[in-house]
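In the two complexes that follow, chain A is the common piece, with chain B as its partner first and chain C second.
So, the complex of A and B:
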């Protein structure tokens, strides 16, 4: 019975010229938006690779240089575009793109795209995710509303119900037929993305998760829309409530909740953060200050270890040892302070995710960004990996300074670019989504709860007296 | 005339008796207050940070003055970074460039959260330094955007208008008595315009009424009166734009539902699709700038300068700063490596300025392109205009960068002048330096 109702609904949909035209417009929009998204990602990726190559070539061709000087010279890393940037660019245009990795200091990532021009939009670029998050659901709301209200107005719904068809099954079938329509648009968009994207297993898993997330969200939207349309006698009230809900979910609540989580779990101001780090750092070894107490202790330790009386007798360059000790202390300070910030970010994220219980749109947005690799979790992963690379780079340089053959105080001692070329390049590998799925449990759970809730409304809460 | 007054009177009855409309207006008013409060919190936060920087600077200045006293009295030895040498004295002259928030950011936080607003300036600084990073914030929250007043105005006002206007003329069509109305000696056009005017006036008055307390609180009336009036004009024009669009939809509409669907579709097109489309096109045309030109100067070209021989550097300095030719050191026949090394930042600064100029030019090209699309992207036109009057746009921060550059130039000028003239810095001269670098504030104090 349900299948025949669904088929019948589809026949009605196909016969309606407006819907055919709108569907064609959607298809064309999706094709052009996917094409633009891929073109933009390709351009940006090319620019990023070119910048990376340019900077690496400079490093490879360094003139003979003291390793510590090379640590100050530093390297730049450029944030690559996320794995599915062309689908949903999440926080990418807000966060910086260039990070200098050097000795003594841990810099911040800077030069975001958003800071390079006047304001262009407030909901981000027109990506397939924009169409799939804003336009398709809105269209599904109109379709669901139209489907029920037309049948109510013409008395068709009453007629079918009086023929003995279960009203719940009828509404559910109508919902499923509209949901399938949304799903086709979704599959079309995802398929295009899949054809243009990479062939890795991780990419496939991410695409799969995206498909499921959007599919669940569309189901919620359609079921709630048909339920509300069927539950109100007055069509104007029904469409008003539907649109009000859509506005609350997509426009109002995400911003309100987003601002609130920052108030509940506040981050330190940059000034305080820097001064606290500076203060903690000052308790360590000042690599450039020979009168520093801790430096003296380290000196005694090394003199005793090599059983010599003065630094000049050491077979190694003590300056390199001091620099590395300073770095290692600095790393602890970084771990403490940045770790604390990352913890606050995590708390904020969790609290924001909980809003999914009130607003499934938030869960969808989180999952979309997360599976596209463009959310905060992926951004922080990039920063952590860049910091790990910085530690490797500086340790390699300090070790060369200490054990490369120079003596303490020989600041003019240099190494040639054979050594610099031997330093590995920073290659960022996006996290495997299967290892990170626990970060998205709340969002997934919220969507499932909403699916069950909306299914429950249709199954048990349809008021026959309003329709019949 | 009384006919129109009657329509207005009945429209007010209709509005007051509609719980949907009253609740929507109330929610909208709460959103305005929330938005203004968000802006006001940011305004206060920036001011507190700026005050704290000023206070730290004042403490440091005092400490330095005591050090000069003790040095002059022979109570302490000269430290490693000798403050009697102009280079180190200027290095130790606190010089912050600050971007003070305009009180108008209460109404639009604009791009404020995309930029840093305080920077310690040294002779080695550049306008794209890492320490000019924006305030620490959750990137997902930044991507979602702030619910400030400008957001409420630009995005929620049309939604409120949809709720208030979608059944005007539509209800009559739904019930089939619209033709009856036009029999009452009034045209459809006049009848609709009068009813729309009612909501236009209610909305505009409500906004004015709610903005005034925040304007008083943040000092807009004393510091930014003209900007406030410009904002009011923009609000007026913006509401007028939407009311006009909705008027045409209702004029040709087929009923409440048809009008509501058309209105929300136009809203989605103008608020989300068009800005998003132009944003995407801009990104394709102008890829994210990875600042390679600047990085080259900050690293490679800077090191090339460091590797130059002292006499080459001296010649370069004399060529780049001709005023040095008449300095005391320029008359010497022996090269002083110390003086040259302390002057090198002058050469690096020239390269930095060149690179920064190129980057600003590229950004300007991008901005010109964005501006050319604003005719088809009216919401972002208004957004940028509001950001402009709130001094929260790209150009407000460009001006701030220019002020930073002026401070850097001043530092270098003084270092070169006093180093090459072999000046010794005492307390008096240090006080002169302090006066020169009295905190540079961009925007309102």
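So, the complex of A and C:
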């Protein structure tokens, strides 16, 4: 019986020209947005690869120079752009993707799309996730609402009930038929991404999770819409409530909850963060270990270790040792402050994720960004790996400066590019999603709770008197 | 076949049906005459199992509608004032769908025959219902009840808005069904159509049955006079 209802609903959908036209518009929009997104991703990716090669070639062909000078010369690293980023670019368009790594300082990532485009900075970027998160669910709401309200208004519900169909089965079948419609639009867009994407196992797993997340969300939207439509005698009230819910979910609640999260777990201001770092670096982390004292202590330690009286007698270049020690001290300072920020980010994320219990849209957004590799977790991972590479790079250069054969104070001492070529290139590998899935448990759980709740409403809370 | 025993139904203090008792034997066409708000639709909704009476019991083929709604509904066909089918489906597709909902699987030939028997011509059955007149939609509605092998047919203002020819065709179809043993309860305020179609008439006023008569014993004019007199009082 349920299959008959679903097939009948589909027959009606297919024969309704306005729905066919709207579906075609959706599909064309998805094709164009996916295609343009992929094109942009590929262009950016190619530009990045070309820039990486160019920068590496410059590094490999550096004129003979002092290693410390090379540390200031630095290198640029790029956050790789995955095809999935074009599906949902998450925080990428505002965080940037180019980072300069050099000695003494941890630079900030720059060149975000938002900083380079007025349209993106003001209106955001049109991407498939915009269509899949905002437009498709809105259309599903109208379809679900119409499906029940038409039967109510025309009295068909009576006729159907008299054929022996229970209201719960009817509403569930209608919900499933509209959900399948949403699922087809979803599979269509995901399939396009899949065809344009890579064939790695991680990519496949991510695509699978994206499909499941959106599928669950559409199920929730459709079930709640049919339930609300079936529960209200007045259709205007029903559609008003549905639209108000949609606006709350997509516009107000994310902002309200986001602001609340920032109030509960505030990050230090940028100015504060930088000044604290500077202070800790000059005065010592504990405030009692300033730079000069640390240097004197290190000097004594090395003179004793080599059993000499002055720096000029050392067989190594003490300047390199000092710079590396200062670098390591700076790393500790950075770890302290960035680590603190990272913990705050984690707390913010956890609290934000809990909003999914009130608003499944925020869970979907989190999962969509997460599985597309464009959320804060992925971004922070890139920053961490880039910082690790920076430490490797600077240590390699400082070690060369210290132990490469020069003496303390020989700032004109140089190394040729054979050494520079021996320095490894930064290669970032995006995290495997199966290792990160625990970060998304709350979002997945929220969606499941909502699915069960929607099913419960349809199964047990439909009022019978809507038929007459 | 249809039995209402002391039915009372109140909506927010307003008594829509008061202590109503009617017995309609198998094969009879019974007309429930009354003005708007007399309680005709409430009575039909109680028989359909969509409303529960505050007092009394309703039976279809000796089955208590309130207690065994699903079983009773299997025996009921229902035609509303406007039979609203799926406009994007053809007549035969609509019939096929409603048959499937009732658990019946008929061949296309059988479905065509049912529609033809109910007065829908062969050319029309493959046209979309959106193009049908009200009378044609009612024929499909009757076909749905017929295909379901309904023992009881409940009609709520079926002749309202029908042209004279369609009205006459409806009467003929109902009489044919009645001859085959179907019991019909027809609620209407159309005195002429009720007199032409029904075997017995009950007049309903303010939820109470105030008179019953056999149509064989009364002419249309007499019935009109009686009805108007009751309504004036």
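Operating definition for what follows: the second predicted complex is superposed on the first by the 450 of 468 C-alpha atoms of A that agree within 3 Å, B and C clash if a C-alpha of one lies under 4 Å from a C-alpha of the other, contacts with A are read in each partner's own complex, and residues count from 1 in each chain.
Please note the rule applied: a contact is a pair of C-beta atoms (placed from the backbone, for glycine too) under 8 Å apart; a residue touches a chain by one contact, two chains touch by 3 or more.
Note that the coordinates shown come from a computational prediction; the quantities given were computed from them, not determined experimentally.
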First (chain B), second (chain C), both or neither touched by A:108: first
Which of chain B and chain C A:154 touches, first, second, both or neither: second
Partner chain(s) touched by A:452 [first = chain B, second = chain C, both, neither]: neither
Touched partner set for A:24, first chain B, second chain C, both or neither: neither
Partner chain in contact with A:5 - chain B first, chain C second, else both or neither: second
Chain B versus chain C as contact partner of A:164, first or second or both or neither: second
Partner chain in contact with A:98 - chain B first, chain C second, else both or neither: first
First (chain B), second (chain C), both or neither touched by A:201: neither
Partner chain(s) touched by A:15 [first = chain B, second = chain C, both, neither]: second
Residue contacts with chain A in the superposition, chain B compared against chain C: B
In the complex, chain A residues that touch chain C: 1, 4-5, 8, 11-12, 15-16, 154-156, 158-165, 464-465, 467-468
Touching residues (chain side chain C, partner chain A) in the complex: 45, 48, 50-51, 70, 73-74, 76-78, 80, 82-86, 88-89, 93, 97-98, 100-103, 141, 144, 148
Interface residues, chain A side, partner chain B - complex: 33, 36-37, 39-40, 43-44, 46-48, 50-51, 54-55, 58, 63, 73-74, 76, 78, 90-91, 93-98, 100, 107-127, 130, 134-135, 138, 142, 145, 149, 235-236, 239-240, 243-244, 247, 251-252, 254-256, 258-259, 261-262, 267-271, 273, 289, 341, 345, 348-349, 352, 369, 375-376, 379
Of chain B, residues touching chain A in the complex: 20, 31, 34, 38, 45, 49, 52-53, 80, 110-111, 114-116, 118, 128, 130, 132-147, 151, 154-156, 159, 162-163, 166-167, 171, 174, 256-257, 260-261, 264-265, 268, 271-273, 275-284, 286-292, 295-296, 298-300, 303, 307, 363, 366-367, 370-371, 377, 380, 383-384, 387, 393-395, 397
